[in-house]
Amino acid sequence: MNSSVRQLIQSALDEDIGPGDVTTENLVDPDRMGIGTIMAKESMVVVGVSLSREIISFLDPGVKVRPFHEDGHWVNSGEIVVEFQGSLQALLKGERTALNFMQRLSGIATLVRSYVNEIKDMPVHLVDTRKTTPGLRFLEKYAVRMGGALNHRMGLYDGILIKDNHIQTCGGVGQAVNRMKEKAPHLLKIEVEVANIDQTKEAVAAGADVIMLDNMNISEMEEAVAVINKRALVEVSGNISRSKLKQLADLGVDIISIGALTHSARSVDLSMNIKPAV
Amino acid sequence: MNSSVRQLIQSALDEDIGPGDVTTENLVDPDRMGIGTIMAKESMVVVGVSLSREIISFLDPGVKVRPFHEDGHWVNSGEIVVEFQGSLQALLKGERTALNFMQRLSGIATLVRSYVNEIKDMPVHLVDTRKTTPGLRFLEKYAVRMGGALNHRMGLYDGILIKDNHIQTCGGVGQAVNRMKEKAPHLLKIEVEVANIDQTKEAVAAGADVIMLDNMNISEMEEAVAVINKRALVEVSGNISRSKLKQLADLGVDIISIGALTHSARSVDLSMNIKPAV
Amino acid sequence: MNSSVRQLIQSALDEDIGPGDVTTENLVDPDRMGIGTIMAKESMVVVGVSLSREIISFLDPGVKVRPFHEDGHWVNSGEIVVEFQGSLQALLKGERTALNFMQRLSGIATLVRSYVNEIKDMPVHLVDTRKTTPGLRFLEKYAVRMGGALNHRMGLYDGILIKDNHIQTCGGVGQAVNRMKEKAPHLLKIEVEVANIDQTKEAVAAGADVIMLDNMNISEMEEAVAVINKRALVEVSGNISRSKLKQLADLGVDIISIGALTHSARSVDLSMNIKPAV
Amino acid sequence: MNSSVRQLIQSALDEDIGPGDVTTENLVDPDRMGIGTIMAKESMVVVGVSLSREIISFLDPGVKVRPFHEDGHWVNSGEIVVEFQGSLQALLKGERTALNFMQRLSGIATLVRSYVNEIKDMPVHLVDTRKTTPGLRFLEKYAVRMGGALNHRMGLYDGILIKDNHIQTCGGVGQAVNRMKEKAPHLLKIEVEVANIDQTKEAVAAGADVIMLDNMNISEMEEAVAVINKRALVEVSGNISRSKLKQLADLGVDIISIGALTHSARSVDLSMNIKPAV
Amino acid sequence: MNSSVRQLIQSALDEDIGPGDVTTENLVDPDRMGIGTIMAKESMVVVGVSLSREIISFLDPGVKVRPFHEDGHWVNSGEIVVEFQGSLQALLKGERTALNFMQRLSGIATLVRSYVNEIKDMPVHLVDTRKTTPGLRFLEKYAVRMGGALNHRMGLYDGILIKDNHIQTCGGVGQAVNRMKEKAPHLLKIEVEVANIDQTKEAVAAGADVIMLDNMNISEMEEAVAVINKRALVEVSGNISRSKLKQLADLGVDIISIGALTHSARSVDLSMNIKPAV
Amino acid sequence: MNSSVRQLIQSALDEDIGPGDVTTENLVDPDRMGIGTIMAKESMVVVGVSLSREIISFLDPGVKVRPFHEDGHWVNSGEIVVEFQGSLQALLKGERTALNFMQRLSGIATLVRSYVNEIKDMPVHLVDTRKTTPGLRFLEKYAVRMGGALNHRMGLYDGILIKDNHIQTCGGVGQAVNRMKEKAPHLLKIEVEVANIDQTKEAVAAGADVIMLDNMNISEMEEAVAVINKRALVEVSGNISRSKLKQLADLGVDIISIGALTHSARSVDLSMNIKPAV
């Protein structure tokens, strides 16, 4: 497990438990054992099975875990996802934190799966964006992959994307791409965002590796794809609804990026049933 | 600013920028100044004005900020929320992180406001739950207050809530409440969750301060309110839609708690326009 | 174990050992095993048995521990509290840190026990205050419980206490309590500090849940208890010596809070005998 | 300010304030200014004037500070020590943490001063031990210096002290000292603890720089001082009361170390008067 | 300044100063001011001017800095690089840490400059590797840029490099490249390491973007360049001495990567002259 | 393992792996096991055997380790140092970090050994300085000991060294030493740096314990040793090459300190062979 995920779990538990669970610590004997069962309350692509084990293990390192599903599985409403046997106090204290993670991540994966299904078997990739919840990017991008899409860059450090602000600063698409070619690390491609056909031509001429068509309408995109003519990868972005996906794929674009996959997924419903061990 | 919020901002910037913004650092002179303007792209209750200042200040401690709105204000689509003057690199690097926070928090406050408006001037309080995004609870609960609702407990440490699992462990509602009364810190009230009228009677008899009616139907709730008869505060909880709020308020309950306020709010749309200073 | 306690142990070991124990590392072979025995050098309520295990385990994760007493036990002078078998270097390096914790915590519990014995079987609770050693509050409040008293609030976040400064800011006891009632989380009671009978009446009229009589003399307290007449819990506070406890309890107050339990306890004497394993 | 002191202040504020001061934040407007005055409630050697400034500055970086005394000054009961002007919320939130530090540190310095006065102008040094509160050693040893004594080693890393456990491991005083001489960093003296006259002779013969007479009675100490005869510094240690100090100094020892200076000092009384600025 | 650099400075100061500079604190009055001048004791490409300011500022936030050179400048022996005016204690405490950073980073830049000069104006890029000092990668790669070379990937996360171990696991060069093409983020190029002409052909056929010729001799490299024939970028690596650089460049390779730039640079000599201000 | 070493390993892994090894994670199945063998590519004093185990264990806590050599051993080119069996992903991710540590530390130890061999069996100690890599001091000083030399002070906190700057501030060698004698902790010796014979005499007269002859020529050193005449330890320092060591030892000095041991050691060559387990 990545060290920043470990810190995130720790701070999530700290914000919930703080100096102590005043209810549980006063009502439940620390030596008492229990069984906790996480169940899907609606159908979903589940994500967070091993994460939930990590969370409960922070509170009871000796907890026993019996997984019924893996991350990325489709789970029907009413199915058990994973079962824990361990300290009853640990189960009661960790329940909400474990569910908060799983509900959000499974919500993302479930939404992604519904998008991916629209363009199954077509030669186009669905990818996410950097519009993620602060502190959760690593996990949310993992959920996107579990849903069946790919990740765009993780952050500003592992991909070059020249946006309108950069273009304005450099004096034009061509100038920006050329300036970048002199300095860019040789393992990174150069992507540039274009808003019209003239900028598209400029990007091709300057040798951009990937061209992002930003907020163009269908006919502009069609023309842009023709202008680029396989000399660069084509990405489209900007307020793309699920119903438009197939139409975009038919245009011959290579990549469709959608912020809503992470920023507007709703949580799906999971619950944890906890009872004292007999 | 709370130290855990400072850490959250730092880790959000770290996850986005990592060892450096490879695009901006290669295209924009570090001495160049810029102007950044955050604008609402739809109507909303805005949250995060001073938080965005903190974020940009991490990257440029000397940035100048001109706020046009305060947290909790209703802002119409197209209105400017806040303007920054400072390092162009800092604006480009901090943009996404600032927007990711504001879009989520404003989304929560906007949803909360729409709920609160349903029960305006009625003697009932709308409150949130612990179903928050891991690591963001403090901020999400702040957004709830900006939307016009109140907070339930912050975590397991600042409020007593005896749930079904605790009741099962103690052998009944009465036993659980009585055991807690011997041990509870004298500044905390005792809330207990009940599932039927018998448990409600037991809770009243044992002297619970607050009684949560969990997933009861309307007629059960009506009976429970009558049974309690002002001897305890009454809270209702569980899958409550906006359209049912007024009906619940009419029953005479004191508190309505809704997880969806935080776990199923969608992000609202804000953008940051950045340009070089002339 | 709570994560802030883990950090406290780590920083305590760091401040004592720093880059290395220059004596032990030069004189004792790292592979050599040893036996360490913690013994009470005076009679006491012992606290820190499992904490000492955590401390030694930081230095030797494989150490074997044999406890002879539990936290809260009365231990006579000369009795063994706990025995460790493990790395001789680890025992020598951890000795002082383990003892520093135990001597202070056991000192608090022992003092608390002597206070509690004064009012045994009377319907009044002895509680601590926030006058704890910076960084050690969680542990010192644990020691108070092991001594037989209860905890007042852990900090400013889990209990409402309106003090003279707040009253002055709000314009009076009644105004402060009323303002708080509109905003207070519904799981917290409202306590207010009063200095005379007029303020006491105001507090009762405004509906305070708990009333703290601050530095009143006996006859004032008697009158205040009569005025309150069970309509709120009564707490007394301020320079209360052990010899006055019974007299206060006889007045019919519910809670007596005493800062000296934590801020003026002296350390009790424990030692650790360490010898090489044969 | 040392980075570990900064962390200590942060964690002390975190443990007291947590996610927020529920009383102050609901009753006091964040923009309201106030004046806070720290006053001695008994006569004392005051310690913590600049530390209290650091603490309040964590909460209000713009606070104005007016010191009336410096650390180490003798302050009479009723005198003002330092005055703050700043955010009223910051004063109310920081009050307890600032006082908790000052009361403990001033208590130590006041106790130390009373010991030092016993042996004023005599050729002997009073020093502390490692029996300090976990996490506070740096500050408590600072308080000892402010009281007028000197510090023994800060920790295990900046001084060599061969104790009975080490001697037993090495097979004798002579063997231990000789083994250490081969390996010790050349800037550190070698101190060895001895329990009787034979061990004292062995220590002198092996060339120890400092010899600690552990729990010897007066006549043994007299003989040991004579045996050592200025060939090493002489330190005495172990259950030394204030009344015995002069007698020990008369024996001709060089250093007297006393654990009670830090582990058994009681807190002295300081209060902070806070009122809204007019 | 990047947050991990800030942490590195803090830990470097902590490891040198620990609980205090026992010499300076006992000999120099804390209020005394001083002047510190950093001078080159040999000719070099200097790196660390602003870093040294950050270091001294940790100890005296009010220090005044007068830089005579910028990072990347050639400085002759005897020239002053930067001058500080501030707390004399801060200068004495920060001196060694500031110099330790500057000597190492300037040593790297100076070595890099001598390599770069060998292939000036030739169409080839000199780059570093991941063979950097643990904890210092960010700064050492910065020093490489200041010396005039470019950076290879920062770490395992921002560039794809398929090495012999990966090839062996996947069953061959072609299989590895093809498998990666299905999964690689679309903004990253695919580099593969080859050991002979057959593997080179396989890499070209599979469509690798960059091909690294690992430890080939001159004639093999010549053949490989011909085989690749501009269809991929060519990188050479492995025990490359400065004297062989021009010969390699003449072969038509695009990138030369050299671990020695960071792992075998010696420190250059800089000193800091400190004197009390008059 | 010291907690600051643990943090250093964590930050070294973080800087290399960041959010993930994009090559390995896409090409190697997480369940696949592998064998990694670290081999010396040149003859060396090896350091880092157990450190490399710690590093790989961070990534795979269950890895099995088979060491063939211990730290401080002389290893011939081609010999295997240590073998790991564990997760193939963990081996591939940890390889570079483990080697970066070992190459640097073994480089130091190998250089130190070659210096120590020059003065074998002579009554003089070779020691390091504080000219270490920021963040690595603890490990580099450990490597110095493994090479066969001793450590000078670890930092400013565990040894007194009065340098020219301090002398200038105090008004002379005698004044500085005398002032220090009043304040120095009684377990620390007092070392003072002298530049000429007059200062040497002053240092002896004032009773310095150790005298450092700074940048003196041979005849000056000879005179200084005679002047001191065993009344203090004699240390020489400043640009000392290996070839001059024996001559210095013959002069009768006690300690020779050399910054180059740590600041100018080159990395030695080690490699890790990794293959899938069959």
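So that you can tell them apart, the chains are marked A, B, C, D, E and F in the order they are listed, and the count of residues begins at 1 in each.
Note that a residue touches a chain if its C-beta (ideal position, glycine included) is under 8 Å from a C-beta of that chain, and two chains touch if they have at least 3 such contacts.
Being a predicted model, the structure only gives us computed values, none of them experimental.
*Asks:* Rounded to the nearest 5 degrees, what is the angle of the rotation relating the C-alpha atoms of subunit D to those of subunit E?
*Replies:* Rounded to 5 degrees, the superposing rotation is 120 degrees.
*Asks:* Can you name the chain that lies farthest from subunit E, using the mean of each chain's Cα atoms as its centre?
*Replies:* C
*Asks:* Could you state the distance in Å from the CA-based centre of subunit A to that of subunit C?
*Replies:* One centre to the other, that is 45 Å.
*Asks:* Could you tell me the distance, in whole angstrom, between the mean C-alpha positions of subunit E and subunit F?
*Replies:* Each chain reduced to its C-alpha mean, subunit E and subunit F end up 22 Å apart.
*Asks:* Take the average of all CA coordinates in subunit A, do the same for subunit E, and state the distance between these two points in whole angstrom.
*Replies:* So the centroids are 33 Å from each other.
*Asks:* Which subunit B residues reach two or more other chains?
*Replies:* In subunit B, the residues touching two or more other chains are 4, 15, 18-20, 22, 138, 154-155, 157-161, 183, 185, 188.
*Asks:* Enumerate the contact residues on subunit D facing subunit F in the complex.
*Replies:* 125, 127, 150-154, 157-161, 183, 185-189, 191, 210, 233, 235, 254-255
*Asks:* Note which residues of subunit C are touching subunit D in the complex, please.
*Replies:* 4, 7-9, 11-12, 14-24, 26-28, 32, 88, 92-93, 96-97, 99-101, 103-104, 130-138, 154-163, 165-166, 168-170, 176, 179-180, 183-185, 188, 263-264, 266-267, 274-276
*Asks:* Over in the complex, which subunit E residues touch subunit D? Could you list them?
*Replies:* For subunit E paired with subunit D, touching residues are 10, 13-14, 17-20, 22.
*Asks:* Per the contact definition, I'd like the list of subunit D residues that touch subunit E in the complex.
*Replies:* 2-4, 138, 154-155, 157-158
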